[in-house]
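Paired with chain B in one complex and with chain C in the other, chain A is shared by the two complexes that follow.
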Partner chain A sequence: MERSANVEVEGKVRMRAYFIFIAKRAVQLLAVVFFGISAAFFITHLSPIDPVQQAILRITSRSSFSPTALVAMREALTEMYGMDQPLGTQFVNFWVRLLQGDLGPSLIAFPTPAMDLVLRALPWTVGLLVTAVIITWLLGNILGGLAGYYQNNKFLKAFGVVAMGLQPIPYYIVAFIVLIIFGFVWPVLPISGGYAMHVTPGWNIDFVMSVIRHATLPALSLVLVGMGLWFLGMRALVSNIITEDYVTYAETAGVDSKKIVGFYVIRNAVIPQLTALAMVLGGIFSGTVITEEVFSYPGLGSLLIQAVNGGDYTLVIAVTAIAITAVAGAIFVVDLLHPILDPRIRVE
Partner chain B sequence: MSAILEVTNVSKRFAMGGILSRNYVNAVVDAGFTIEEDQPEVLTIVGESGSGKTTLARMILGLESISEGDIKVAGRSVSGRVNRAQRLSFMRHVQPVFQNPFEAFNPLKEVDRYLQASARVLLGATSRAQVEAAMDDALQKVGLSLAEVKGRFAHELSGGQLQRVAIARALIPNPAILVADEPVSMVDASLRMTIVNLLRDLRDQLGVTVIYITHDLATAYYISDRIIIMQEGYAVEMGPARVVLDAPEHPYAKLLKDSVLPVENAGKSRVQPADRKTAQAAAKLSGTGELVLRDDGRSVRLPRDGDGSVAV
Partner chain C sequence: MFSIIRDLFKYNREFAVGAVLLGLIVFFSILSFFSPVDPTMLYIEVPDRPPSGEYWFGTNSRGQDMFWQLTFAFRNTLSFGLMVAALSRVISIVVGLLSGYIGGVVDRILMFFNDIFVSLPIFPILVLFYFVLRSDLTTFNLALLMACLGWPFDARLIRSIALGLRHREFTRHAVFSGMSPAKIMFEEHLPYVMPIVFSTAIANMIWAIGLEVTLAVLGFTNINIPTVGTTLYWAINHSAMVVGVWWWIVIPVIIIVMMFIGLFLLTVSLNEYIDPRSRLRRMGG
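Let's look at the complex of A and B:
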């Protein structure tokens, strides 16, 4: 009885420690997001591309204006964009508005709120990238884990050679190879866009199928390039773990070999891979730029490039803010999972 | 009386190096001994690192393939391919205890999971009550109880406790033989004797034969019935522990005994390292000699010179 009471007390102490741990990490998360977004603010505002100049160029390219009208337009735009005030004031105003959920209007698609543009592009990027990263991670780790455990399997050995061969090829080369093979040589899949022109966006089967078909090539290119790293990493981790005494012990305790691979070997090897997954999920917003350019995919990457070229501060900041928050959030979640997955990580 | 474990002329050769420069290392050469079924004993295998004692143990456990010779457990050969049923039946007879208790348990699992698996698979316990009874029973034998270890992770227990849990796990299927590979070298010195005494009690009270592998001559002398002294893969001297250790004959066995710190020089730091030359010279000639059975029950491998006379 005394012992069970002890366990209960211990459990409560642990829960409390876990909540303190979460609170600390949450504060860190907020700090990272604040500094990240502030950095994005200053970098865009100190950039030599002047959004007012860009806007005037866009307008005057279609018709001519008198010099006085141009000056008036410049003044009006400067005031409207809030750029007549000193940088510090702009910064404070920016945060005040951001905390109310308002990032301001996009400058290239004025007056559409920048957030609307971002939210329109976000599902495409997240849908494509997260799916691709998770497929890559699962396939790479499962195959790598099996390859590490069953070291004499011919199929897995051959797979290792292929993975090692694909690994050093730059992503855009692989993407173009995939494009050429499935778009021209054997044209079975669409090579650009997010969905076919003739379908109506919404929850209907035609649209969903079209989205999946359009996402296949970009996803395939990402999986091909990404899988090798997971495969090789996991194989190396597993070939170390199988020599550990506790694996031999499980075998002499009569544990079934399938269970040993799953619960003793891969389970232990997966913890560092999970940390790495958080890092990669963090990287998807920078990786998406190339993918979306190659496949003309309507996601955040394409939007970001338009925004940078158009000197659209608010849109750049909106994309960056989403990216930073998502990355920090992903790492936060993985951090929270760690003490649950690994009992050795003591939360203090 | 029948033999539970027969080790006959067992050798192990490891290939080293790459494709172009392949070398072979003889880890164990021509080892042989027999353990009788109803005569529990502590059989100690001593030797320095690289002498082949761990390789021999791993071969007995079926964890390492055998290059030559044969190992039979309860009349059945363990070398070659075995199916799962045969392997399980083998593990009911022979169970291991390893050197480092901290590595013997999966750091991500509660230690009692191992006991559970053993009870279910090796003992065939089906109900929860049966499993727990088997676990508690085995833990009681090593001076612990289920309540103490249940739900604990390896990092929450001390080395001595963990090693005892490891022994308890090995005891669950009621094995005839326990292969303990340096079971005390990672355990705190103050707890070492509890483990050694535990091994002794297993022999005396439960009738388990312990193959005790160590490089510590003091504990070997303390609990062994029989001893095998190994040097560079060869069993150089073997026989009744007292006979061999009181007056070793082989140069390496003598060296081992000389290397035990003498009590009379305590605190004076005056002990010179024992002279290894004779023993090393004998090791080079090990391949030329054969084990010769003496009247006092021991066998000694005395190297011979070219003319066939005993060299040392």
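Let's look at the complex of A and C:
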């Protein structure tokens, strides 16, 4: 009786600690989103560049207008961007509109709302990023763990050298090399776009296959760069863990070596690797965005660069805001996984 | 100092390879000081010549000798990386030491901002800055901006060392003998974090150069200054791969890959050297 009551109390304490942990992380998530997006607002509003002027230059570069039409256009645009109000009011209005999900129309695809364009691009980026991160993290950690445990394996040693060679190279260069190899030397996979022109988007087999084929090269280049970090990190962690007494004990006791490496060694090294994942997600996101541009993948990265080249003020802010939110949200999700994997994290 | 380098060469193959690779690149970029041509001049050689005895790395479609062009490109790229690394070291040392030594509220506030900076996707933010600044985003401004974004990881590392130093005997002695906190931090604690400052500086250079190359390739920096990124920008702009001027892209890519691997091997081997356990293991102690 007493024992079960203890377990119940302990369970309650644990649940409470878990909620405190989540609440802390949630506050941090909101802080990141708020500071990041506000910074984006002030960067754009305190800059010497006037979005109204930009828009007018862009519109008048294609056709000529009468002076009265220009004045009217300037007034309409100033009102649309809310530039006639003081900065504080603009800032409040910006947040109100952002929370309503409406930042105004985009310029490069006028009059489609900028948010619509961003939300259309977001699933592509999220899909590519999540797939690549999961493959990279699992493969890198498993191979790295094995390499740390079986230190004399020739294949794993060679893999380590390759991983070490690929890891420091920036995403753009690796994506570019992959593009050259598969675009010019051995053209077997599509090198641009999200899906083939002739298939209709929707839940049909042709479309899904086409999406997978088109995502292969961007995902491959993300995996090639990302793998090394996890491989090298895991190998170093595991080669420290195997000198611990409990591993020697398990070996002496005749526990199957597969069981030792899988359940005792890698299992313990997974937690710091998960912490590391939360810390580098922002960097991986930047890498994904760049890789998209190389392969003309229809995600946030390509949209951002189109927006910059088209001088589209609203769209650039919308992409940045969603990017900051998406990365902060992803880090939050990774943090939530922590207490599930690590029984020791209850209260900090 | 000299004996440390000799030891590293002797016992650490990664360091030897990295140092040789980086040495080659530095030598190559120093050649730019003896260049017979001005890198900003266009159409001064016969365009699109493949690599030969006369033009070692060929010429590009803009009529430039790629060998001399690349010496300038690597000099600018390397010095850009050094600039970012130096500037961001200043921020990370100050934040790390303050946070670690003073602790308390100061630590909590600084680490709160640290966490925010860690979670921000840097590439979109840099693009945003380019979008609003355009031609005002000079090389120095870009370096300063990247330094302001690239400090948080290393500040946290430095903080963790400073936290340990705070409770050491010599710190207490210094406090009792009336040393000011600033003096303790920068005269007593700074030497202890210097090794980590050096190894993170190289890692930071890799990061900064990688971002600079990316921004430049997209045309988001001053495209008239020769860097590795702008070299690739012009090559892509002239569809070098499609028209068959492959040396314009392949040669810079090979050299930049050598540079990244060299820098990375140096960081890895320095990190290993800093940790006495792994150093002993390697020397067979």
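The definition used in the following text is that the second predicted complex is superposed on the first by the 327 of 348 C-alpha atoms of A that agree within 3 Å, B and C clash if a C-alpha of one lies under 4 Å from a C-alpha of the other, contacts with A are read in each partner's own complex, and residues count from 1 in each chain.
Everything that follows uses one rule, which is that a contact is a pair of C-beta atoms (placed from the backbone, for glycine too) under 8 Å apart; a residue touches a chain by one contact, two chains touch by 3 or more.
Just so it is clear, the model here is predicted, and its values are computed rather than measured.
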Applying the touch criterion given at the start, work out whether A:244 contacts chain B, chain C, both or neither, answering first, second, both or neither. first
Quick one: chain B or chain C, who's touching more of chain A? C
Tell me the contact category for A:304 with respect to chain B and chain C: first, second, both or neither. second
Determine, under the contact definition given at the top, whether A:267 touches first (chain B), second (chain C), both, or neither. first
Quick check on the superposed pair: does A:341 touch chain B, chain C, both, or neither? Answer first, second, both or neither. first
In the superposed arrangement, does A:275 touch chain B (first), chain C (second), both or neither? neither
Kindly classify A:253 by the partners it touches after superposition: chain B alone (first), chain C alone (second), both, or neither? first
If we overlay the two complexes on their shared chain A, which of chain B and chain C does A:40 touch? Say first, second, both or neither. second
The shared contact residues of chain A with chain B and chain C are none
In the complex, the residues of chain B that touch chain A are 61, 63, 88, 91, 95-96, 98-100, 103-109, 114, 117-118, 120-122, 147, 151, 153, 155, 166, 169-170
Chain B touches which residues of chain A in the complex? 3, 7, 244-246, 248-250, 252-256, 263-264, 267-268, 271, 341-344
Would you mind writing out the residues of chain A in touch with chain C in their complex? 28, 31-32, 35-36, 39-40, 43-44, 47-49, 164-165, 167-173, 176-177, 180, 183-184, 232, 279, 281-283, 285-286, 289-290, 293, 304-305, 308, 316-317, 319-320, 323-324, 327-328, 331
How about chain C: which of its residues touch chain A in the complex? 112, 115-116, 118-125, 127-134, 136, 153, 206, 209-211, 213-214, 217-218, 220, 232, 241, 249-250, 253, 256-257, 260-261, 263-265, 268
